[in-house]
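One chain, subunit A, appears in both complexes that follow, with subunit B as partner in the first and subunit C in the second.
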Partner chain A sequence: MSAPAAAPAAFGILDKSPKELRALGDARHLSLNDAEWAAVQAHFKGLKREPTLAEVETIAQTWSEHCKHKTFTSPIRLTEGKKTRVIKNLFEETIVAATAAVKKSWCLSVFEDNAGVVAFGKKWALAFKAETHNHPSALEPYGGAETGVGGVVRDVLGCGLGAKPVLNTDVFCFGRPDYAGPLPEGAHHPSRTLRGVVAGVRDYGNRMGIPTAGGGIWFDDDYRLNPLVFVGTVGIMPQWAVAKDVKSGDLIVAVGGRTGRDGLHGATFSSANLGADAPSSAVQIGHAINEKRVLDALLRARDKKLYRSVTDCGAGGFSSAVGELGASCGARVRLEAAPLKAADLSGWEIWLSESQERMVLAVPPKNLKALEAVFAAEGCELAVIGEFTNTGRLEVTHRDESVVGLDMKFLHKGLPRVERAATWSAPASSKASGGAEKKAPLVLREMVAHLNVCSREWVIRQYDHEVQGGTVIKPLQGVRHDGPGDACVIWPHAATGDMKDYAGFSVAHGLNPDYGRLDPYWMALACVDEALRNLTCVGADPARAALLDNFCWASPEDPRQLGALVRAAEGCRDAGKGYGAPFISGKDSLYNQSKDEKGRELPIPGTLLISALAPVPDARKAVSMDFKGPGDALYLIGRTNDELGGSLYHRLLGRAGGEVPKANPPCALDGFKSLHAAINRGLVLAAHDLSEGGLAVAAAEMGFSGEFGARLDLDELARDPRIYSNETLLFSESPSRILIEVKPEHESAFLRHFGKGAKAACVRRVGQTTANPILKVVGLDGSTVLEESLKELKEAWQKTLPAVLR
Partner chain B sequence: MKNPKILILRAAGTNCELETAGAFRAVGGAPELVHIAEIKASKKKLMDYAVLAIPGGFSYGDDVGAGKVLANQIRHTLTDLRQFVRLGRPVIGICNGFQALVKAGILPHSNACDQSASFTFNDSGKFEARWTHLRLNTQSSCLFFKGLPEMIELPIAHGEGKLVLKSPRQLEDLKKNKSIALQYVTEDGKLMGYPHNPNGSIFNIAGLTNPEGNVLGLMPHPERFVEIHQHPNWTRQTYRKQAVGLEMFKNAVTHAS
Partner chain C sequence: MSVRAMPVATHLIEVRLRPEFADAEGAAALQLLQAQGLNSIKEARVSRLYRIQGPITANQVQQAAKDLLCDPVTQEHRVVAPVPAPLNGMNFWRVEVWLKPTVTDPVGETVRDAIADMGLPRPDQARCAFVYRLAGRANKPALEKAVARCLANPLIHDAVVSEAHP
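Entry: the complex of A and B
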């Protein structure tokens, strides 16, 4: 823990050189760059005084990459070959532009609040947010993951006037748990990170009574020093509770946990490269039951309309919560009124502590008594710590001593924008190279056992994925409840009291950093495509999908990294527009790189997680991925191309290069919409998306989950006519493809939904299900390419994770 | 009595109260969420209700043992619970509620309400959520089971579900007075080990009742199977089952009406 020195009255910066300021910042983990220091210095020179420590800390927090996303909002000079262009504001020009272009009236709140909000029927709304908690989870996996979940749950509680969390989803990227190479001193082994993170997510979610029913894990050794932990939450609220407002004269009320010395410098620490000197006090301690108390009390107070606005204390603690709520009016805070964990906290520590389970409300004074009664009934602490003003200033005192006296305008708008350089050069050749051929049966067996494909049951069973009674399509599916579902479907009305309303929703994800290694632009399209086809598979409406973007990248100060980030963001823009899917919220986590055992920087592969949310009009019509019976027709939608670049097939063969999968949004969306209509008519027995491992893996999974076999004929695939290889057809990862089981008597009705001509061209009958649980594939020349026991494939698929975690 | 009043007991960390209330409401009960602090403050009285339900969750974080703190509060705050039980009013404790009933000495039944059983960590060492096959004790007089088939399915979700008894003799007593309400079994009704018995509970016990049959404590969650679409296999053509959880709530409400 850093030494809790009493705040000096003044923090001398006025006569310091840039070098001295940098050293000062480094010593306190402030993460301010030279231009930012200069702006701070100039501001206080104008005021003719030195700042206080708390003021500099407040500015550093507010201006941190974590809070301000300055890489995404500052100018970037991008060089592509001989061409150079300047992007003024990457966020506005990509993510926001896509949302503006698709103009969806059901978007109720985008990019403004702690979460994005979409309409869910006429009466309800869904708030959706995903966060990252990478740096804390690297340092302390259990605490980092736990407080990650706690934080994103508070984002949803602090969205609008508060939404009730109804689903948690979690996506992780780790080094392989059986990694046997060297690690630098102080780094956790990936296996320990995985166990700790899973336990943290489990304990927090389970204790709060929120089903953790969606997610995924990606293994790649380049994450061994910088694991990625994405935590997401969906909340439901009445539509009247979407809007919030703060009036001058409202009381600033802190509720929930007490303030302690835990969690100082979280925002600034997560905005820097991770190293051995990372402060241990930056990771907080979670207490799920305290947060459950806040949840119970807050929603009761919301329904009595006792407060006007609410936000959570996340990074920056009170400083960011009060700073945000009071940004347009002003605020006065008396820190001695805050309930503390330890009496000797100094002013700046109270102001900046990131202690968990705290929220801040704006309360009209006349409601205070009623509010106190609601919180007291739940055993949840509450304290009035100040009031909102109309001065446009942030004034903070501690026992009559001024701690902060800042102009809100400078705090929120004073950040200097520094232009950064970025470069991008396309891969020189799309030709695949290296790696010897392997027989298809062997490849398939290796694929199902591969860490990125194998069963996640070991993890999923530890999450209470059915609390609240709404998980009608579960993460594990099939006869024995152990097959890999594409997504869950949540019917939130088991717990809202509207049990006659069968509307549900689904959340799905898309992530594949291996595509990004070849081209981040096409990775972004593939991620959106994957999330949407997963949603479509379970019966969600692909035309009503809302997206979250989560970028995890290495240092943006490296022009190549920044160039790749721009490519990915532009891919998001084109995907959002192409699929007609708005982004409603998002997050970026940069500086995901650390020094390895030899002191070299190890950056993570540029990683984009797309999370998609869409309504399922009638949850009773949802579909699972397991084969339902023998003798049914198997249809494949989508065209298969020679797109093995970044594929699992190439990874297994040790092959580099190749064509990265390239999605065609309008064509893909047509297929998804047609399938959705067919599902709504009850014409589809099972649907499963083709992703890592392509057709072969998808068919195997559907077979062993339903305990029926299949016979596929590769010559029936809609495909690029230049493909002559059975392996390419089996293992290509061309996007937008879904394998579907249809009863023979429903085939013609099913096909009618796909229309005529070009539209119908992407759907083909490629085989049928069989009673014998064997996957048989006939190749282009009529010979049997594959004839594998599904029982054995399932055993191989199930064995991997328990074996490496033993 | 039309729409009998159901007291759904809450404490910090209770988290299955809404779906439990929903289940009672769906079968004509009038559920009310009552925080144990309200009973302590005498704002609400247990005896004003026809049915008591203690839902699942992690009361007080399950710190110092699952349901232990809540059990102590029940002993000292819900002092008329013994009277409530003696009057034959239905009481159901689900998951954390069952753990609390056992640690408060309500189950297994003893005249002095002495705690004679407890729960410990699952043999697997992990919290687990899965659907289980269960066999009801058709010999017991448990009012919640009226009209139900002998073999049912319900989900469990817990980390401390392994029931342990004070002595081997106690098991014989429980058998004799037909207090073993539910057992984890295989699909064809056999007593087997993990994963069929998900936690290693003695004699595969999943639920207990009292000799009179008006108190039921169980680790599985009947409130998560009140609608057939909550079953993991409803999408399969062969699936034809009733939502047995709902029947349990209906039996309680019918009994109280």
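Entry: the complex of A and C
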């Protein structure tokens, strides 16, 4: 029997005033607010003792925005004009409510584990998670991005009993790389951030042997101080491995990297605005080879059923991982047993360190020897650091000194919920104003060369998107493998060994903060719509799509910011219900604002990334976006409205306001399902979604990727009859539209999938492909409004990014 | 019984591309420095510098450098003196970018394990730095500022700028 632990070293808070506690919190980067300090104080007053430093740090980590998502789960008083209403729990009332409403039996685990899990066939399941690593990437782009990838890979590895990662994704928001304005002292130039982040994602994914095959980049100068780095991973696992469980008596086993001083305060760091006093210890450098060892050993141990539960050491390190696993029972930890990088680490540092590549397992004692053998064979360290108990308490010691003695109930349920105020007022006028008209050909040339449209080949070519041999539809498409794909299609069965199973899956994204500047509600619907139509374009089943939400916002302390966030979350709720697509996981990253060179707060535009995952029933039937030949019919699904608010067209013209694109989910879903059925029957040669730049940009991209031309007649578009402008028809960004190439002999069979009446009204033959690589567009009055060489458009499209990064 | 302690030595090994090969990393670094206004820098070459500490002899380090750290077809290696070389006033600069001691060095950790895998004594520590060898006129403060903006991040790196032999 071990000797009783010595009295803990006290960290005096009981006699301190709120002001003194605030100062204490600031000095230690604890990010606790006054109400939370009061709750901590009251708890320890009740215990009639001072807390230890490690206890306060543990509480701060556990209660951080990063871990508890306080904004999304606390009450919000929303004022809209003269009306006020209280939202008790934004997360439950929007994201969870949408998932509950659509009731999909193929959702195997939602909002519970480190990732969302959906069924993939009868035997397999896909785990999907997207994370952000914004604050670390702003400070150290390379290290921040690569540890972001490492973290999300571990999320999937620590989901259920572990899934094998088969795809990585990356979506970034940066300031323009050619930004020439001033920056505050110490801030990285956006060009440096971009290079570092891309290198970090590249090195971690490539070294772990995971294909990075899906993503996107959005440029806007309001991200110059707060870049957004979204990284995602899809993993595959047998369905029996989805459930996990911890039993008292199980050993707490730490595997993977050693614990060091690196990465302290990462979780609390995410609950504060980014400033010059950010702790350097919050930044780390990843070790992909170590994580690969953990991955290989863990999956072998999973298949031998050697452990009962697993989670990753993410933000908060051991404190979060052990706290989460032992939340329902209790845990006793001896920190001196943890393998260390440096011998002089104190107890609280070991407990809270966020050193990378570590995971924690719950292991029945009888399996320990076999588990040690598996990890030894991979050269991966393993240490028993304690055991799970049935006391309902978290007890941590270091060299016989008590470091933490907390009640699990207080730790996980004691966070006080503070009501926040939010306001939302709709934009005063929807009428567009400002800017000067430009000729359509000039606009198109500027559009393809625009940073938010131009080729991402400079980035994509740095990633290994072929490793594991399952990338069926690749990120770059067309006859020269350089066209912009809508989504990737992955066949994951090289990993499972089911070589005769041709089912694959696709991942796509939707993001457009410019719509959010006008109305975050419609931005959310547009993002879901974009992700689903991208999936549909490559042959994935839109009726089986599962969604991830990633909100990146400025400070929720600002009622207007919080009001916009509520509006976006309500958009997600309605989109999820309308498209019948459940949210299965997600994350929020708040406080994305910093002081600019003049000391003014620079918030990012409210940003929502929707990531969608759907099965492709037969990956051999997947479709790419490039034109396949001359003389084929071109069909456009969806109706074109005068929806240029937040569009690229308005941005180029310097025009403000206008109608933001408004999705109509039931109608859109009908079109997507019909197209999916047609693709499944092999009736579609190419499909490409209309997004930034509308019809003109989509047709140009399909043309120059396939090296065939197209002739379009704008009078044939299904459209709002009040539109009389060719430019509106060419550049409107009305959602739910897809341009499709169909062989003439398949036209009638193709159309049969769209039925009759209203459903069919939104599918129109709008032109045909031609042998000559020219994009020719005939306007409403029969005159030619556009006749552009696709070769020249492609050159303009390709040269932008390399030119600004020179 | 007496135990004879092995001396703990520090060895610095630089591995560089042979001069006859084009240096893409160097070209990229040159472009970044010139974008910071250092147009008088005309050439940059990049090499790796390994600092290996522990009970390992100079001959054993040479063996590790030859068989593990260096690709003999395209690269060459040399032992670097821990004391800086005297200046020659010919406008050549040497920039070493090390990860701070508190930051994990995955390359260093892998090198340490790999040396042990070769059957040599396991070093206590191995760290890896980037070395930029620059040719061209510059003044030291301007170069240090440019390095901090494009080649090193002061948050995690220690950068040492010195005049050097070509």
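Everything below uses one rule, namely that the second predicted complex is superposed on the first by the 798 of 806 C-alpha atoms of A that agree within 3 Å, B and C clash if a C-alpha of one lies under 4 Å from a C-alpha of the other, contacts with A are read in each partner's own complex, and residues count from 1 in each chain.
Going forward, a residue touches a chain if its C-beta (ideal position, glycine included) is under 8 Å from a C-beta of that chain, and two chains touch if they have at least 3 such contacts.
None of these values were measured; they are calculated from a predicted model.
Visitor: Tell me which partner touches more residues of subunit A in the superposed arrangement, subunit B or subunit C.
Guide: B
Visitor: Now for A:Gln477: first (subunit B), second (subunit C), both, or neither, which partner does it touch?
Guide: The answer is first: A:Gln477 touches subunit B but not subunit C.
Visitor: Touch check for A:Val283: first (subunit B), second (subunit C), both, or neither?
Guide: The second partner, subunit C, only.
Visitor: Under the stated touch criterion, which partner chain does A:Val467 make contact with: subunit B (first), subunit C (second), both, or neither?
Guide: first
Visitor: What is the contact status of A:Ala677 with respect to subunit B (first) and subunit C (second): first, second, both, or neither?
Guide: It touches nothing on subunit B or subunit C.
Visitor: Name the contact category of A:Lys341: first (subunit B only), second (subunit C only), both, or neither.
Guide: So A:Lys341 only meets subunit C here.
Visitor: Who does A:Arg192 touch here: subunit B (first), subunit C (second), both, or neither?
Guide: Touch partner of A:Arg192: subunit C, not subunit B.
Visitor: Between subunit B (first) and subunit C (second), which, if any, makes contact with A:Trp491: first, second, both or neither?
Guide: first
Visitor: Touching subunit B and also subunit C: which subunit A residues?
Guide: 287-289, 379
Visitor: Under the stated contact criterion, what part of subunit A meets subunit B in this complex?
Guide: Going through subunit A, the ones touching subunit B are 202, 206-209, 287-289, 292-293, 296, 377-379, 461-474, 476-477, 479, 481, 491, 494-497, 499, 619-620, 622-624, 626, 628-629, 685-686, 706.
Visitor: What residues on subunit A touch subunit C, complex-wise?
Guide: For this pair, the touching residues of subunit A are 139-140, 142-143, 188-189, 192, 260-262, 280-281, 283-290, 341, 355-356, 379, 806.
Visitor: Can you check the complex and tell me which residues of subunit C touch subunit A?
Guide: 31, 35, 99, 102-106, 109-110, 113, 149-150, 153, 155-156
Visitor: Quick one: in the complex, what on subunit B touches subunit A?
Guide: Answer in residue numbers: 10, 12-16, 18-19, 21-22, 25-26, 35, 37-38, 56-58, 60-62, 126-131, 155, 157, 159, 221, 223-224, 226-227, 229-230, 232-237.
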